[in-house]
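Two complexes, one shared chain (subunit A), two partners (subunit B, subunit C).
Presenting the complex of A and B:
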């Protein structure tokens, strides 16, 4: 299935993934670790080990420091 | 996917424990872990009383970590007469970036009705990080200057406000990175200092006459969970990267840890639990009144404690002024 991954304030990726692939697989396809981002579907965070169930997801990068 | 504790949708997965939690149970879990850490570090002096309370100064930058720390401390101890808390913010002279995060600090302190103090490099030292980065007289990374100045002001003002403890928002990722860096650098004395200065149980630490003891109550919480907590609780955290951020070695370690965590969930936790035990052993060997600490004397220029004639901060300021 094809998924649009919008990395907020950065780039948007079109990613093809296998059926049953997880949000973590989706992140790995665009070279992010689940430790450095949050995945949002319709504005709500989702657990990364779940199968992708949306054709558009947002990825928010963690910001270091303060 | 349902929450492990109720039938609401999970918002997160903790790979290191296998758990899935909804918004409510996740936030409760973060708070519970922070409170457990506060207890196991004996952060609250058992001898503090309403007549003779402890003073905690919180280093509040306005970023997610310190905002979450301040919020949870206020929730937990805001009404406790044994503790007086105040937040201390440092403006480094980074235009835009720090102006906005200072606004976040002011908003949070207002919300919590907490005393808030702001000090700046410009007023204290007559410098601004934006200019220091431009001139770079020592040919160093920006964070190398900034860290020296920030530690100096936190220490000086925490002391001025009568702090018994200085609390900072370092999270699990920060601490595991520091632990691994100390190990990889082979610096056992630094590990001993780390224990006595900031990660040891207060009942086990050697007395530090010259420095205000520090504590890091968020150090069991992964960075990602701190960010998620700030977002779900709608805290006024300022979410932008410092334009001068440049800790190359730390970045390398961070990436190494992400990769390890992905293949071996729980690595950060196990690094810290082993490291804390080792650090305590190192502190028994090197901590307290060792030779090195005996050599500390007052800096000839500013009076802060240093191992040399003139402290590192004053040397850097001289070098910046010479440009």
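Presenting the complex of A and C:
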């Protein structure tokens, strides 16, 4: 399955994953940890342990600095 | 609300007054408004500076830190002579020099679950200029329960984010359900930050605050604005209110008493709303 991963304000990746791969697996393929980002599908976050069910996702970094 | 501006105010705010969008009524609203700024650091400094200049009548400032020399590369309301001084006092002195119309209420303490509701209750709007996840989640939850609008902003190296959280829109947890484990996301003290970056993001937060107070424009509700300083590019990320959100969704919490803000800020068992 091919997935377009738009890392907000960074790079858009085209990632090929196995069937049944999770969103955590998808993040791992682009060297991100679920701890540091939120994965959005149609504007809503998806659990990292769920199988990927979208061909386009957005990845938003959690940042805290002030 | 008093619509009568004195001669000095007519001069001071003349560039607001001649706009159709703000005008004398909007300016009077600003003068009658109160905003709580949480953090008088990189983000809080420009927020305090511009809201004071705009004539927001009451500014609350929450911070328990003192000014350090390493702050001065970006925290523009503090000066070299303020090093060692409580930030809230330095902020109040800055505002007093800038605009005598503004009353600053200093809160020289850290926002905590014990004092959040009491602090927020006195203000029309809150601006988040904090530098840690527990405070960000606490502010989101407390402001939502109190139905007080919150303008969120954050910075990381050369990247910034702004979003506006209003009582009938999605909340911070609709975008970021839980905080990362402590230590997994670096802070500015570790990675560094472009000095002007919090100025840019803080000014966007101040812009949102003024818009909300006056009731003009389209605030960033349900939209995260992401800013990349290196490319001078912005990206708008829409997000939805989650029906399962433990704070603003159906059956969300009605108190922050049971939330542990020390570790992940997760909410496992939200209580039904009364």
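The definition used in the following text is that the second predicted complex is superposed on the first by the 66 of 66 C-alpha atoms of A that agree within 3 Å, B and C clash if a C-alpha of one lies under 4 Å from a C-alpha of the other, contacts with A are read in each partner's own complex, and residues count from 1 in each chain.
The working rule: a contact is a pair of C-beta atoms (placed from the backbone, for glycine too) under 8 Å apart; a residue touches a chain by one contact, two chains touch by 3 or more.
Because the structure is a prediction, the values reported are computed rather than measured.
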item: Partner chain(s) touched by A:30 [first = subunit B, second = subunit C, both, neither]; value: neither
item: First, second, both or neither for A:49, with subunit B first and subunit C second; value: first
item: Touching partner for A:58 - first (subunit B), second (subunit C), both, neither; value: second
item: First, second, both or neither for A:38, with subunit B first and subunit C second; value: both
item: Subunit B versus subunit C as contact partner of A:1, first or second or both or neither; value: neither
item: Set of subunit A residues, in rising order, touched by both subunit B and subunit C; value: 33, 35-36, 38, 44-45, 62-66
item: Subunit A contact footprint on subunit C (complex, rising order); value: 39, 41-44, 128-133, 136, 153-156, 159-161, 174-177, 179-181, 184-185, 187-188, 193, 198, 222, 224, 226-228, 233, 235, 237-240, 242
item: Touching residues on subunit A, where the partner in the complex is subunit C; value: 8-10, 33, 35-36, 38, 40, 42-45, 58, 60-66
item: Of all residues in subunit B, those that touch subunit A in their complex; value: 1, 9-13, 15, 20, 61-67, 101, 169, 173, 222-224, 227-228, 231-232, 238-242, 245, 255, 257-259, 261-262
item: Contact set on subunit A toward subunit B in their complex; value: 33-38, 44-50, 62-66
